[in-house]
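Shared between the two complexes below is chain A, which has chain B as its partner in the first and chain C in the second.
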Partner chain A sequence: MRNSPRAEAKRAEEGRPRWGLPLLFFRARKGEGLAALGFLFLGLLLIALFVIYPSIRTLWLSLFNEDGFAGLSNFAELFSDREIVDFSRFLRREPPWGALLHNLVWIAIHLPFTVGLGLVLAVVFSKVKSWWVGIARGAIYLGIVTPLVVGGVIIRYLFEKHAGLVPQVLGALGAGVPWSAGWTAYPETALLALIIGSIWLWTGFSMVLHSAGLSTIDRELYEAAQIDGASEWAQFRHITLPLLRPVTLVVAAMTFLWELKIFDIVYVATMGGPGGASNVLALEMYFSAFRELNPYRASAIATLITLFSLPVGYWFAKKRLGR
Partner chain B sequence: MRSWWRVLGVVAVVGALSLGAWAEKLVVIGPWSGDEAKPFEAVLQAFTEKTGIEIEYRVMRSEDLGKVLPAQFAAGIAPGDVLLTAWGWWVKKFADHMVDLSAEVADVPFGFLTPIVVEGRTVGIPYAVWVKPGFWYRKSLFEAHGLKSPTSWAEFYGLLERLEAIEGIEDAAASGDEVGWPLSDTVEHFILAVGGKDLFLDLTAGKVEWQSPEVRAIFENFIIPYLEHASEPIEWTSAKDLWWEGKYGIYFMGNWLTGMVDDPSDLGVFALPGAKAVTGGTDYIFVPKYSERIDDAKKLVAFLMSKEGQEIRAAGGGKLAIRTDVSPDAYPPAEKALIQALQGFKIVPDMDDTIGGEWQAAFWDQLKLLWVKPEALDDVLRVLDEKFPKG
Partner chain C sequence: MRHGNILAKAIAILAALIWVIPFIGVVMTALRPSQEVLYGWWKPPFHFSLKNFVGAWTHPTASLSVGLRNSVQVAIGATLLPTFAASLMAYGLGRLRFPGRGPLLMLIGLLLALPQQMIAWPLFRQMKALGLLNSLTGLVLTHSAWGIPWMVFFLRGYIETLPVELEEAARIDGAGRWKTFMYVVFPLMLPALASVMVLQFTWVWNDFFMALILVFDPNKMVITQQIPLLRGQYHVDWGLLSAGTLVAMSVPLLVFIFLQRYFVRGLIGGAVK
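Take a look at the complex of A and B:
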């Protein structure tokens, strides 16, 4: 690799990635490029076979229907389908609001909660030195190692009328139906139950990454701030938050992608019901593919999910390939 | 180094032997597990003893098969040699991938459920029958409170009120939930009782709309008043436990319930007033044409459908034989009593299993909504019409 100091300085100044894949082949010496290709060949072959080809095939299928080439009509139908988007009910009446809007509501609630909660817990656990910290950290991390199918079952029973802790507690506090009943049985609460459950399942991920990020911050910065008389809050705001920003952005991106393709817990806990009140895009894709036996509509939904994921995925990949 | 060669040799021999043993077994895939699978496994055992053909039984529900098989069929492979699914509609859709089994069932006297025939080829064979005879109750509870099976609608709603007045009973009727089928079974029973068999069959065939006045009237005048006394949907085995413990008075369920309670002799069942038919269903046997042992698979199918095979299955309880020539004496007492109770009733194919596809999932889901939001009836009926298969 030829990297002149001037070029390197210029690149650093511009903040451009230093090791982008094209650079590897086009700017490396011939021998190095071939060697790199040799090492990457098997991985690239697998990616081509199991990621790129299916993606292109899915995109291709989404442009067809049973009668042949259909252009973008599958997508037009999706956006006029109440099961995907129903603005006439959105925030005016209880769900269903359509699978896409449910995904967006999921993101709007789940994303800030998991990212924020993970950050706060990581900071608190790094400050507190006590015997229970390890237990609490383990309990929260348990969510991320729990298979999502099991998570779905747990959510179902957590909010079940007779066995569920949440309705029992709310009932004892005097809450009425549906809060004191089975949350997953009512359209007002089914989506909320899944979102709350998924916050528990995913917060461990955010906490662990933020904890790892915290361990990389130089302690001397805090010591210097303390000498200058900075409060805990000021230290958090001016040292912890800015230095954890790259980690937080990665957590936010990963969480966003996870939320867009959420399927397992919905399938197990509510099957998208009642009356479609907790349906999401991935489940709608499943119904189209395996119930309706309509691969074209299913491919269009899959493409839609990919299109929504792409900007975040691209940004994330760029960050990962960057410095 | 020498010892490594020895280890490798042993591994190779063991691997070859186990591969051989595995390859020799006929793979049967069905939906039953645990106690529910035992009567079927007894039939498989009898087949092995008779023919010497070893069988490996694996469990996969219809939902799971529905996900796996399309891709496998497209690749020209199959996970088993003889498969069973409750989805008759699905067997029809994938008929091209299945073996013609006409010869194996040529002499079988079928009852109300007949084989699936596509373009002259018999691709799906109904195996054991379940029926949904009505609302189950505990005789001990009814006797303790002087309650009787209702013979009129006034008596039925009166019974619901009397049950709710009993201390400890939360709701008169338990409502089972899973993906929603227990609710659809209940609704189908109401339609049969109020609208009759012809309306039921017309709805199944798509000749009558769900938003039509006669169907709407069944919901408005009979089902919604019932929902005032029914629990919200609860996972169906939990609902069964709670009903058995006395939290609920009655429970609508299929005849497999007899194998799920501690004391089947305490079980009583009644159909809704006016019902002259009840729903029933089955699991369909099919053989993928990608099976490497089609001849053995056909032998097994022939045995499963033989009088001998059906009588062994009947003796296990929980299901009724598909053959009409199986004597009531072949059944255990609970099924014998059920057969007695079903005298005079027609059995019609379960509606949602017959229609299947996206509509079935929508039916289940919309009924879950109706159960907690009866005021959503208009939306529910509209969706059921919109989702009904076209053509």
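Take a look at the complex of A and C:
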């Protein structure tokens, strides 16, 4: 009887619990804790089994090696490992510079380009009206839905020696090797080819969000600015840019996370080669775990990627939870 | 002002060329014999045929007909299961008040930023122990669990925009939490569920890393895994590879074309506003 809808409704109307002690656990309204458990159970079970438990296990493994507890020595080893960081070559000679530095270089180039290009293209395509605009927009957006494996194939194809468009065009313009040869086969150019290709693939994401942000800006602001004689640039600088700032930040955060865990493109296009010149952390983690069967080192690398990701994730979660 | 418009048009045309031409290249390559495109797909002569598609479809070690079937099964399963679990969870977190709710939301929020590498090795061991390696079920469970956090975040945000008066009315009429959810909230959530399902389906379809780790039996591989296998042993067969990529892309492409509204809305999610 106690759980009949009528009784529940009555309690809801009263808005105040009747029972003292048990309600320490179900503070606000009686029974909500149990009801909540019912709603959360299936989701929590799946997350706990296949996400949280494995993550904790990885964190745990990162503190061990074959001999037992190892403290932070796995991490110390990573930072003195040339496969991960190689400052002796960094910017002085051609890659490999180590997976971590490759990831950072990737971010340093890819982040400003995708975020900026997406913003510029969103503005540009909101101004241009023509029959082909839909096709162009569609092609740019295609990068979002293209499987990254396919993206890797296309990148490889674009930069291939004889069959590839980019080296052929550059060669015709008079560029020498390696620019006119297969970019993915030379250590000087392999990483750059992947980064450029990934800009090509990911700009659509930035553009979609910026376009959506643009459509929420009040047209009257621009009209008022035009009456005051503001130039196009001034309108962009003082209306569009500041009002799009929240969107830009979100795009930047999600792009950063995307770059940190980049894997598929590299696996398909170069396998990290030649000679590790385009290796990245996620790929190194995969090799470490599933080729060298060294879960300890692999776990340390995975934990490293997570440590870079979590501050951004925390900022993002806080923002979306409105705190 | 006119200068601005000319500049905008110039940038738009350049962007259009940069983004359209590579896709044209892939289509051209897929439709022509490999020897013809060895020195560039833009060079004549042009002989068009569907041979590359037939070759990829019936490939001896990576037959796309098998991969496509597996991908469809995984993507559908790993869309329906987490959508169900996440919509319940989102309601619980959005409307019910219970101790630990805040920290739980924060935990789920943090999971959104977790890289897949963080679960890879233990998950592999776990699936091995459960006998779920080389099985589509293992992939479905993994992708489901992986998708739930962002789905919950998205759906919870949506639920909080719904008027609470409807639910209160239902409760005063005698409906409990479950009935309120099933008959009042769930129907109102349908547009958000469409977005969530479209995005999850696409992401599961496009996934490569999880499948690479959990499946290595050629008969259980999903289509994204087969693409690298089409490359050929001694030289890259671009025709076969291009045909394969087009087949692998076709499904997310169709989803995007026909459900673009939901797709974009899902992407925008909490970003804009």
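To be clear about the criterion, the second predicted complex is superposed on the first by the 281 of 323 C-alpha atoms of A that agree within 3 Å, B and C clash if a C-alpha of one lies under 4 Å from a C-alpha of the other, contacts with A are read in each partner's own complex, and residues count from 1 in each chain.
Everything that follows uses one rule, which is that a contact is a pair of C-beta atoms (placed from the backbone, for glycine too) under 8 Å apart; a residue touches a chain by one contact, two chains touch by 3 or more.
None of the values given here were measured: they were computed from a predicted structure.
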> Is the arrangement of chain B and chain C around the shared chain A a clash or a fit after superposition?
Replying inline: clash
> Which of the two partners, first being chain B and second being chain C, lies in contact with A:168: first, second, both, or neither?
Replying inline: second
>> Quick one: is A:317 in contact with chain B, with chain C, with both, or with neither? Answer first, second, both or neither.
In response: second
>> In the overlaid three-chain picture, which partner chain does A:280 touch, first (chain B) or second (chain C), both, or neither?
In response: neither
> Which of the two, chain B or chain C, is in touch with more residues of chain A?
Replying inline: C
> Should A:290 be classified as contacting the first partner (chain B), the second (chain C), both, or neither?
Replying inline: both
>> Quick check on the superposed pair: does A:260 touch chain B, chain C, both, or neither? Answer first, second, both or neither.
In response: second
> Regarding the shared-chain residue A:42, is it in contact with chain B (first), chain C (second), both, or neither?
Replying inline: second
> With the two structures laid over each other on chain A, which partner does A:84 touch: chain B (first), chain C (second), both, or neither?
Replying inline: neither
> In the superposed arrangement, which partner chain does A:232 touch: chain B (first), chain C (second), both, or neither?
Replying inline: second
> Which parts of chain A are in contact with chain B and also with chain C?
Replying inline: 156, 160, 162-163, 290
> Of all residues in chain C, which touch chain A in the complex?
Replying inline: 1, 4-5, 8-9, 11-12, 15-16, 18-23, 25-26, 29, 37-42, 81-82, 84-86, 88-89, 91-93, 96-99, 101, 104-106, 108-124, 126, 141-142, 144-146, 148-149, 152-153, 157, 168, 171-179, 181, 202, 205-206, 208-209, 212-213, 224-225, 227-228, 236, 238, 241-242, 245, 248-249, 252-253, 255-256, 263-264, 267-268, 270-273
> Which of the residues in chain A come into contact with chain C in the complex?
Replying inline: 3, 5-6, 8-9, 12-13, 25-29, 32-33, 35-36, 38-40, 42-44, 46-47, 49-55, 57-58, 61, 120-121, 123-125, 127-128, 130, 132-133, 135-136, 139-150, 153-154, 156-158, 160, 162-165, 168, 200, 205, 208-209, 212-213, 216, 232-233, 246-247, 250-251, 254, 257, 260-261, 263-264, 267-268, 281-282, 285-286, 289-290, 295, 298-299, 301-303, 305-306, 309-310, 312-314, 316-321
> In the complex of these two chains, what residues of chain A are touching chain B?
Replying inline: 156, 160-163, 178, 181-182, 185-187, 271-277, 287-288, 290-293
>> Going by the contact rule set out above, which residues of chain B touch chain A in the complex?
In response: 66-67, 70, 93, 177, 179-180, 232-235, 238, 242, 357-358, 360-361, 364-366, 368-373, 376, 379-380, 383
